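Alright, structures below, take your time with them.
Here come two complexes built around chain A, the first alongside chain B, the second alongside chain C.
This part shows the complex of A and B:
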């Protein structure tokens, strides 16, 4: 089967025609095409799209990914749209409403498949083909600092909770407490980040960042995995 | 593409975008309201503009946030999430081109928040229309979305000036806020 074959291609990229990166680029394009198909295909073509998306779902579920979050979004959409259709157009057009919701749901499915079957690094590699080196550096730095940011945020959050700020998950259900979250947690983190960006920019400049036309990269070892 | 930001600004924009995505994935508020994502989004976009002070910074922040979210597979949307973050940001930047310096910081934030929210809601509207939803139903949904989003976005926009003033007090901004008022 076609989807099966590309799936094995992802597992042992060196033995097959496509490398993992090319496979990922292909998957990105495929999901974009399928998403836009969901909007532009006539009703008669929806069956085929359902079939293709069904294969993607099976592939995603086969790799042990969860689809419940997406299904919940679909159900909420359905619950919101159908009563509106009933109120405004009467019973006769309920089917139209269901088809519309189906289309929106089909537009989201390829994205779910893409993000659940492709590794983030590969996606990043594909995207960096089109980005200037400075922004690629920024993205790489941000992603690299992500664990630090998360830890810092969590620590500040825990400390502020201990100090008695009303930012526990229960208190946050009340939007009145949101300003407190901003002042107690986000502001300190922002200050940290501003300082950090200053230091990083200085460090990179001292290493002649941006002065060479062809930047050097750390050798990629991921391909050999 | 030659970007007008120096490295420090670019890094800060990147960090803001990442923090936005991190917070968004950490908080996961289950309110049942669709607009609450506008709260964090508006807040960080406006902070970005306030800290960098250039038109274009919001778009950069939005696109980076979309890219980072896509790479970390935070949302369920895949490539769609790029639009979700990018569209309000572009609308806000476009509006800034016309009105930067016309209003006080506070009103500018509120107007930008509303414009971003409008773009955010109309994205869903256009999507629904493309999917063939009837105009009336789509319009009602657009209205509901816009009202919900606007509530959160304005709440965030009201928080921005005090936060920027505090950052300024720490001497962390390039340009002083005092010459804007």
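This part shows the complex of A and C:
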């Protein structure tokens, strides 16, 4: 069979409890709650949050998603924040600096789990329950765009490294080279992003986006289960 | 039945620039196939967007649209049209917006996929598809809502020969069903049997060309350069710069993409073309040679005597990826060319010299972002060529270029070859632009040296 397809109706991603759409809604709410907890819980509660987020990480990794990029962001944040805390507040406040980084990391982690386990179209469907369908599409498309832009960023970074830009990890240890990263990588990525968003808007319009007030939704497939 | 008519269209991108479309007229009837040829920057894509009703700036003139007109447009770069992550959801996007019930979608989506010859799961992530497969996916995403006018931007450049054959079959059926097709194409001969009207867009006007379909077909089949049947002659002077030992190329935890059963070598002063269908693994191999391909096991590859790794070759290795305009960031063309020369401490005069050789000195102070697609492509390539790298890797360097720009690319590559550089370029077909010394072929998931296997050694 050239194209496989399991069913067209409701799916049961969590045993027989929820449909794929309900599961997505649950994941969205859970992510929002956990991200909020990262900022509002007292320090004593962070251990519990770490435990719950750890389960999300295990789930995400089990579904063969990669967490390397997020870990890298966390490490960079730590590398930037701790020296600043040391300079501004002295050695005594280093632990506070580490906790701030941990909170930011824990706030981002549910977002990683949500975007790597839920398809943008399913998220769009859930968001359209409470938002105008156009807004829901824009949010879902933006989430869907992230992996592509990550790939673009990686490729542009590699191209510029090959062209001799002083942006290799070793070169970036020197803050003098940081502006080069902005000119060579961030700027072209932003140009690509602007072009892409314009062209995607055109592509969506050409495929009748906004023609009906209540668009229907592509049914859940095996991947969503 | 008249589907769309343009009368006296005037269009430009600014008051200080000339008009791109100047008193242009075009009538497209049901079941007709129009092909528009012309140099890059002549306004072909703008014309397509005008026909689609999505031109970003105001224009003068009259446009008649039949009330039943439904337009589908496949842009030159399918990546910019992707809105979803899976194949099924991508194709269904238009159906969602038309309010088609979910239970009817799967059958319609499957039909569309079948029509463009894509036999893949509906759950396939779009990101794993090759550029050519994405082009066909975008075709399916248009066909699913049964457009009466289909607009195609440069299909030949994106598709391999199988893809072109399948597209021809699809278009033939569509035309037979009464769908009108307007395509912008640098190589109209590839669709000669389908084209009813062939137009040249130059100086803002459409001119019907006198070439007959037979003549077009003839042009397509004859390579410009004479065929060279060469087994590589490894002489004492030519050093082996790239060596790929027998291996299986696979991404981590995935099936083998292709098997390389023999050792392949690339010598100084030769041009080798890596030819294979869309998705065969050409780009991935090229990135592996440059040391920037993640997600693969360590491969038995040696480039300039070292295992490839990002940043270890300096000016000795250059890589031009697809869509090379992504790398442009400087304020002027000259600064763009001088960037790498400065970083590698090479003579800056090479930047001006290469502009002179290309006849582009008038662009030296222009912003690279305001150049045409072809000009950006040439500048990106020139920025690598002026480094005179020992090894130059080029991923589909002729894609989307017109004859004038292809000639410039060929000139640059031949000059570099004469200086002893080894050049490896990818292409999804043997054609008529550049005479190469040898080719490596990826066929049926096997990569091998194709010397003596085919008669033509021209790519582009």
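We take it that the second predicted complex is superposed on the first by the 115 of 225 C-alpha atoms of A that agree within 3 Å, B and C clash if a C-alpha of one lies under 4 Å from a C-alpha of the other, contacts with A are read in each partner's own complex, and residues count from 1 in each chain.
In this section, a residue touches a chain if its C-beta (ideal position, glycine included) is under 8 Å from a C-beta of that chain, and two chains touch if they have at least 3 such contacts.
Source: prediction; values computed, not measured.
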Thinking of the overlay built on chain A, is A:41 touched by chain B (first), by chain C (second), by both, or by neither? neither
With both complexes superposed on chain A, which partner does A:194 reach: first (chain B), second (chain C), both or neither? first
Looking only at contacts as defined up top, I'd like to know whether chain B or chain C touches more of chain A. B
Contacts of A:210 with chain B and chain C, given as first, second, both or neither: both
Scan A:78 for contacts with chain B and chain C and give back first, second, both or neither. neither
Counting only touches as set out at the top, which of chain B and chain C does A:168 meet: first, second, both, neither? second
Output check: A:141 vs chain B and chain C. Expected answer is one of first, second, both, neither. What do you get? both
So, does A:179 touch the first partner chain B, the second partner chain C, both, or neither? first
With the two structures laid over each other on chain A, which partner does A:159 touch: chain B (first), chain C (second), both, or neither? second
For chain A, what residues appear in both contact lists, the one with chain B and the one with chain C? 120-121, 141, 183, 187, 191, 195-196, 198, 200, 202, 204-205, 209-210
Tell me, which parts of chain C touch chain A in their complex? 49, 52, 54, 56, 71-73, 75, 79-86, 88-89, 92-103, 105-106, 110, 113-114, 119-123, 127, 141-142, 145, 253, 287, 290, 292, 294, 310-311, 313-315, 317-319, 321, 326-329, 339-340, 342-344, 369, 383-384
Going by the contact rule set out above, which residues of chain A touch chain B in the complex? 28, 31-32, 35, 38-40, 69-70, 73, 80-81, 84-85, 88-89, 93, 96-97, 99-100, 103-104, 107-108, 110-116, 120-121, 123-124, 127, 132, 134-135, 138-139, 141-143, 145-146, 149-150, 153, 172-173, 175, 178-179, 182-183, 186-187, 189-191, 193-198, 200-202, 204-205, 209-210
Complex contact set, residues of chain A against chain C: 2-5, 8-9, 64, 119-121, 141, 144, 147-148, 151-152, 154-156, 158-166, 168, 183-184, 187-188, 191-192, 195-196, 198-200, 202-212, 214-219, 221-223
Chain B - residues contacting chain A, complex: 1, 3, 6-19, 22-23, 26-27, 29, 31, 39, 43, 47, 51, 64, 67-68, 70-73, 75-81, 127-128, 130-134, 136-137, 140-141, 152, 155, 159, 163, 166-167, 170, 172
